[in-house]
Amino acid sequence: MSIQLTVAILLLLSAIGFWMGRSRAVAVSGGRIASLHSVPGYYGSFTAIWAGLPALLLVLFWLVLQAPVIEMLVLNGMSPESVLTWAQAALAPTELERVSGLVASQAADALGETQRQLLLINIRNMAAGQEAYVNPAVVEALRPAAAHYAELERIAGWSVFAVCMALAVGGLLLTRRLIAPRFRARNNVERVVIWALVVCSIIAILTTIGIVLSLLYESVRFFAYVPVTEFLFGLHWSPQTAIRADQVGSSGAFGAIPLFTGTLLISAVAMAVALPVGLLSAIYLAEYAPRRVRSTVKPVLEILAGIPTVVYGFFAILTVAPVVRTLGLDLGLDVSSNSALAAGVVMGIMIVPFISSLSDDVINAVPQSLRDGSYGLGATRSETIRQVILPAALPGIVGAFLLAISRAIGETMIVVMAAGMAANLTFNPLAAVTTVTVQIAALLTGDQEFESAKTLSAFALGLVLFFVTLVLNVVALRVVQKYREKYD
Amino acid sequence: MDNATLNTTAAAATVPSKPVKMAARGVKVFYGEKRALHGIDVDIYENEVLALIGPSGCGKSTFLRCLNRMNDTIDICRVEGLITLDGQDIHDPELDVVQLRARVGMVFQKPNPFPKSIYDNIVYGPRLHGLATRKDEFDQIVETSLRRAGLWNEVKDRLLEPGTGLSGGQQQRLCIARAIAVSPEVILMDEPCSALDPIATAHIEELIDELRQAFTIIIVTHNMQQAARVSQRTAFFHLGDMVEVGETEEIFTNPRDERTQGYITGRFG
Amino acid sequence: RQQIRIVGSSTVFPFTATVVERFGQTTSFPAPILESTGTGGGMRLFCAGVGADHPDITGASRAMKASEFDQCQKNGVEEVTEIQIGFDGIAFAHSKAGPEINLTKAQLWQALAKEVEVNGQIVPNPHKRWSDVDPSLPNAPIEVLGPPPTSGTRDAWVELVMDTGCEEYPAVKSLAAARKKAVCQTMREDGAFIEAGENDNLIVQRLEQNKDAYGIFGFSYLEENLDKLKGATIAGVTPSFETIASGEYPISRPLFIYLKNAHVGVIPGLKEFVTEYVGERAAGEDGYLADKGLVAMPAERLAKVQETVKSLTPMAKPAS
Amino acid sequence: MTELAEPMAAPGSFHTSEAAEKRLRRRYAAERRFKAYGIVAIAVACTMLVVLLYTILHNGVGAFTQTAIRLEVTLDAKTIDPKGTGNPADWDRAAFQDLVQDALYREFPDVSGRVPKRALRGLISPVAGVFLYREVLEDPSLVGQTRQFWLPASDDINQIRKGRIDRDLPESSRPVSDEQLAWLDRLVEQGKATSIFNTTFFTASDSNYPELAGIRGAVVGSVYLLFVTVILALPIGVATAVYLEEFAPKNHFTDLIEVNINNLAAVPSIVFGLLGLAVFLGFLGLPRSAPLVGGMVIALMSLPTIIIAARAALKAVPPSIREAALGMGASRLQTVMHHVLPLAMPGILTGTIIALAQALGETAPLLMVGMNAFVTEPPSGLLSSSSVLPVQVYIWADATERGFVELTSAAIMVLLAFLIMMNGAAIYLRKKFERRW
Amino acid sequence: MDNATLNTTAAAATVPSKPVKMAARGVKVFYGEKRALHGIDVDIYENEVLALIGPSGCGKSTFLRCLNRMNDTIDICRVEGLITLDGQDIHDPELDVVQLRARVGMVFQKPNPFPKSIYDNIVYGPRLHGLATRKDEFDQIVETSLRRAGLWNEVKDRLLEPGTGLSGGQQQRLCIARAIAVSPEVILMDEPCSALDPIATAHIEELIDELRQAFTIIIVTHNMQQAARVSQRTAFFHLGDMVEVGETEEIFTNPRDERTQGYITGRFG
């Protein structure tokens, strides 16, 4: 009995349950539907839930447990000879020696975990009828085990089927007894639905916990190599040199300050582009532009936010960086071809719609009464905007600004492609710098060492990043909330 | 606009006692396709309080907003007809709308102080129009305006606190002070008390009575008792028409039109 | 799982990918799944264990390190076959518009190291222009785009150029081992050497726009862009298939793939795949990998490798 | 209120004065300046967009055509089907390339010798045999016949033909020799070489050979990935939004959820990659490179965006509708299901589409879970290895062959087309269901 | 809830003519910390129209919403005291709130038809409560309800058009029809005419008068004339207290409390 079929039958039973519950409700109402507590459909749903849900949960649970149990049974049931035959064909001589010594007594236990894995792959392939993929030398030896495997799978399938059916029918009978005109079917069904909603909203929390835990776990290991203070306050970042045996512990190799300053620098450049462009665009769109212009320009600007960051990366490195460099050289400035400026400018362009859309919203949220008040006193539009609307919308704009910054700080692909890896401690936008995200991507996708501080440092950086955005967000949220209270 | 001046004078001739401050002739207003006012003719005399009453949606606010061209800010709104201020067409390109609004101030239904300090609320207008330049001049303006609005004693110690922190009635008086700080000639008030409690309302009503000495005031109200208390003349609007206008006493005791009658006796609205 | 899984070096990636594609096209086995993880990342996945969840082959642009070998052993990956597939030259190239240039390793070290020897003293690198390094070189600013430390190409560059280049200076030679290593291997960070990311093609495209800039990348990229770029002559030898294969060109390194013996016979097609990889049709001098820019091994070396593959001789623990 | 006696400028005197007029002119100048700033800002943003799009277009259009060479191939039955079973499964697939090469040699009978022949082979794609094989597979009756076939030229020839490699360069510095150029010119003259529309780009998956590479696998991978994302993120996101907006009591727990969601919306995408690596691959042991895993990571990533958009849409449904339904005796859940949710749906969908459009372009977290696999076939299911469009772009950008430069831009164009389509759909939805209450 | 029943009966004893439909005893309502109602005691008789009047913010709406527990939907709102419907405590867990609301219907200030067809608007309630199952039964309900609401003739040809497309007055009558379609026993109306024009208002007032035959109606209004026109009894609220309740005639002509007097004569509000 395959799981799919079981699930299908369960769903069918559930549907039948719905129908049964419904007609039962109609029956007990004696034709006066209004005398029922709930509409008949709810009695149906109630029955359907009890018929289907527990059994489906069981199936889910079963799916997780079934494979390990069956594998254990199959391996333990194998005869020593067949294990030995397999080992002779598949294992290296050194391993074989060890195995054959033990095999007489406890066949499968003699195998190490990895060898079991291999043996199981073969058995599974055979059980699935794909003998062609198995070494012909062991096919015969494994045949009984494969048969056993298939048999167990069959038994498991049938037993889960039987248990499910019992649960489902039990649910049906139980709920049938419960159905009475006074029975609050709707409330019961709604309770289940609302619990489902709660479970969904907990996923957000689980995600956060997952992120924090997976970052924390590795970070703690990292801090066993490198002290926290050194990581947070060190002025020198060069993770690569530190892996060489003779340089481990050379002070400052994991000082993340240059990364922080680099991130700050690039974000600052980005904001210097995005803030004026975004804010002014928002003001123009919200206060000046005719409706038609607004409804075309706004989506066009939003395209900027939708363009994949890889594309921006190309744009930065192949189009903007050379322009910046040529301009700089013409002005007699020494511009690195990986300048923070180029990456920042492009990132700024990407962020424009975040600022413009959010600001547009907050500007629109400024109550019309304030505009009226200002116009009524004889102010021009720009005076009203600058002196009344912007101050009133300021908290909201600050909120937008903070969200945009956290976006800039977290942006990866643009900087990976355009900003480079040089961890320079500088605030010169014409120089090359690197950012936290670049380092994470580089450390994890590049040449990794086992268990090295170098690889683990990526997680520590991720943790820092997480907390920085957390703080920015909490601040932004506070600011926006304060703003909200004022006008609601 | 000779024609306009002529007309206005002609209309004024019937009540020769007072000079005409503003006048409307055949004012029609459209919101998109929909006509909200069907041709309003009315004269407003200097230093009087004119009350506009009428059931909800009859166009009182619309008319009021025509008088300082606040309707310009509504995209779909179109105004036809002639409105004059001191005999000059307010739609005349010579007369700037910003200037017009400085001369014809406005107070709204819901108090709408700017989210700034009380002081800044008051000096906002004067600073815009360059009524003063020095700090002490501004201080002077703030004090005078708040005194005239009867708010000085209540707020003089907290001029730098936000205006939004005041109570509703105080906020409304702040808005009035803000409006008179730019020395307007006419003040328009659109249901200035409807968001206020009885005590604050009484305060404002007293204030209106005093402001009448210096300004021409047009007030929209849905409260007939209020209209009776504060105004010298009353205009009754109904479904976009001005049904009648006259001395307040007369309108309330002896209306000529039966719709006015019906409204005043509470048959509808 | 029925497909072969391959991870590893980005340098080896295009070659493996070509074999994968051919293998998928010409045999009835399903096409292997290939992922570029970098040499180290590949080793990490490869050595994580035996079984369906772990890759069968990893590519490497350097030999496996002892620490990696130990990790493999620890996780039960006891038998691993080391298979060399060819050589990769590292080009030092620049725009065609630039002047011809002829460099020695010592000059490269002088131009790119963080600290260099000037008049017998070890000082922070003062050279801003090539002509500062050697008056015979062009009077142009030093600007070199190179791979980041996470790449195998960088490792090879440091080992083959920097480490040997510095040896020519007596003051360096006389340093204590640790200090010497640091002086020899540390690349300068003042902007003259730019870590330009893992993407070699981007370096190539950027060289086009800046005729003073030089790039360090795999030879195959140079070979593919000969209309725009030219390779600098190192120690009098210009990079080409011939000079690299013969070992004349001094900056070249062997490329490897590592095979998990335990999976042979379990994962279908594994042995056939490796056999194809080192077969004449692929890795031979005229093979399709050569078309892709791989510098083929000399015939007798190739024959030896083919032998190893046939017998699946496990490798011994590397020295370092 | 005796303050009325206070001196004050005579009403009206000031506002019509000369000084006021002058001041007014200055104020209007400032007004015009301010408005101009706004226009400039928008112009800057739009210009950047245009430049960006132009660069891509300029680099990418070339990829849609390809040079093909017409060869007369003899489909020798013995070579193709050495076992003689007539069953295509037994064909020697490697032999097709030899057939192509033989045809080429016959086209140029005067070329002989190992080196010149090698150069001649350089005209035609090294994987031309694959094309031939596919055509023959479609019509096995061709075996044994001699037919004309249009087969792709090699990448270098293709680049020369498109002018991307300058043919006036000295021979040593271009990949195509003078000899090869002469052959090519001869073929062009005879009408045996021409540009054709590059259908392969849309029908094939990744390849090492630009003439054989296409986006199909990546597109299918992206579709699978988005499918997983939608299946997971939409219901969970909507359920969460509904719970928070309509049911949740205001307490610390819901505050926590709220802060969390807002925070997650701003967490760098790469951190989600780290999470996926640790949880889905490490803990749950799901396979690398699978659209399922990528979709799960992206779902987690776009969940907050969807929740926030959905909450905004739910908030926009006026309370009067809820009151009406509650007043009719509907339970809260019924109120939500019957009225609020259907009314909020367009808004929710708009938000979701925008979140998905962003998800579609995401690269960094997918690299962490191994979605940068080289797979030459579209994925057959949610668990089989696959690439996605943005990652395909990223991979092609690093490929050695010149042909990939334009393929990269072409793939970006396809990606952008998807994005603009999705954004367009969102705007359409927003427009269509825009409602004034 | 014997106690409740007792009390109610006791209160009813003073006006023995009519049976008590709903009763409130010591109803206090808090919004967070703020107390909006200070303990209201009132009986509402079957088939009467009770008008609640009073200045803005005095708690009329709050009290009305207590009667069908609409206040449950406001998180910070807490209700104390006893309210009974036919002698049964409406907070009794036995009585489901959904059922309560089916028995005590509500019409709101602003007409709020669902954005569905007129037909669907009407059948929503009956479908929800399982009042009918067959199409013809629903058709029947729709027709009866619309007829009773005086809307049938105006809309019978466009039952499938959206309810939001009707005029304000029609929408409000649709809402009333929707409310009576579930055959409630009591109908609560919170300023049902304040968003309407005079003609629509007159329509609704007539309707209320007719509905009184079958339902008990409680109506909040800020319009005293309206209260006088439609109600039999009137309760005057002031600052969260019910100052007095009695025959409408008496309240308007001879109020016992001076606050009532002040309000009715227009001294505040």
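Here the chain labels run A, B, C, D and E in written order, and each chain numbers its own residues starting at 1.
Note that a residue touches a chain if its C-beta (ideal position, glycine included) is under 8 Å from a C-beta of that chain, and two chains touch if they have at least 3 such contacts.
Since this is a predicted model, take the numbers as computed values, not measurements.
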item	value
Chains contacting each of chain B and chain C, listed by label	A, D
Of all other chains, the one whose Cα centre sits farthest from chain E	C
Chain nearest the overall Cα centroid	A
Farthest-lying chain, centroid of Cα atoms versus that of chain A	B
Fitted rotation between chain B and its twin chain E in degrees, CA, nearest 5	175
Averaged-CA centre spacing for the pair chain B and chain A, given as whole angstrom	59
Distance from chain C to chain A - Cα centre to Cα centre, in angstrom	34
Length of the line joining the C-alpha centres of chain A and chain E, rounded to whole Å	51
Residues of chain B whose C-beta touches two or more other chains	98-99, 102-103, 128-129
Shared-contact residues (touching 2 or more other chains) in chain C	37, 198-199, 202, 205
Overlap residues in chain A, where contacts from two or more other chains coincide	186-187, 318, 380, 383, 416, 444-445
Chain D residues touching chain C - in the complex, by the definition given at the top	89, 93-94, 118, 126-127, 130, 133, 165-166, 169, 172-175, 207-209, 285, 287-289, 370, 372-377, 385, 395, 397-402, 404-405
Residues on chain C engaged by chain D in the complex (per definition of touch)	3, 10, 13-14, 17-18, 20-21, 24-26, 28, 31, 33-37, 53, 96, 198-202, 205, 218, 220-221, 223-227, 230, 286, 288, 291-293
Interfacial residue positions of chain D with respect to chain E in the complex	249-250, 318, 320-332, 334, 338-339, 343, 435
Of all residues in chain E, those that touch chain D in their complex	68, 70, 73, 75, 98-102, 105-108, 110, 112-115, 124-125, 128-129, 175, 178-179, 182
Chain A partner contacts - residues on chain E that touch it in the complex	96, 98-99, 127-131, 133
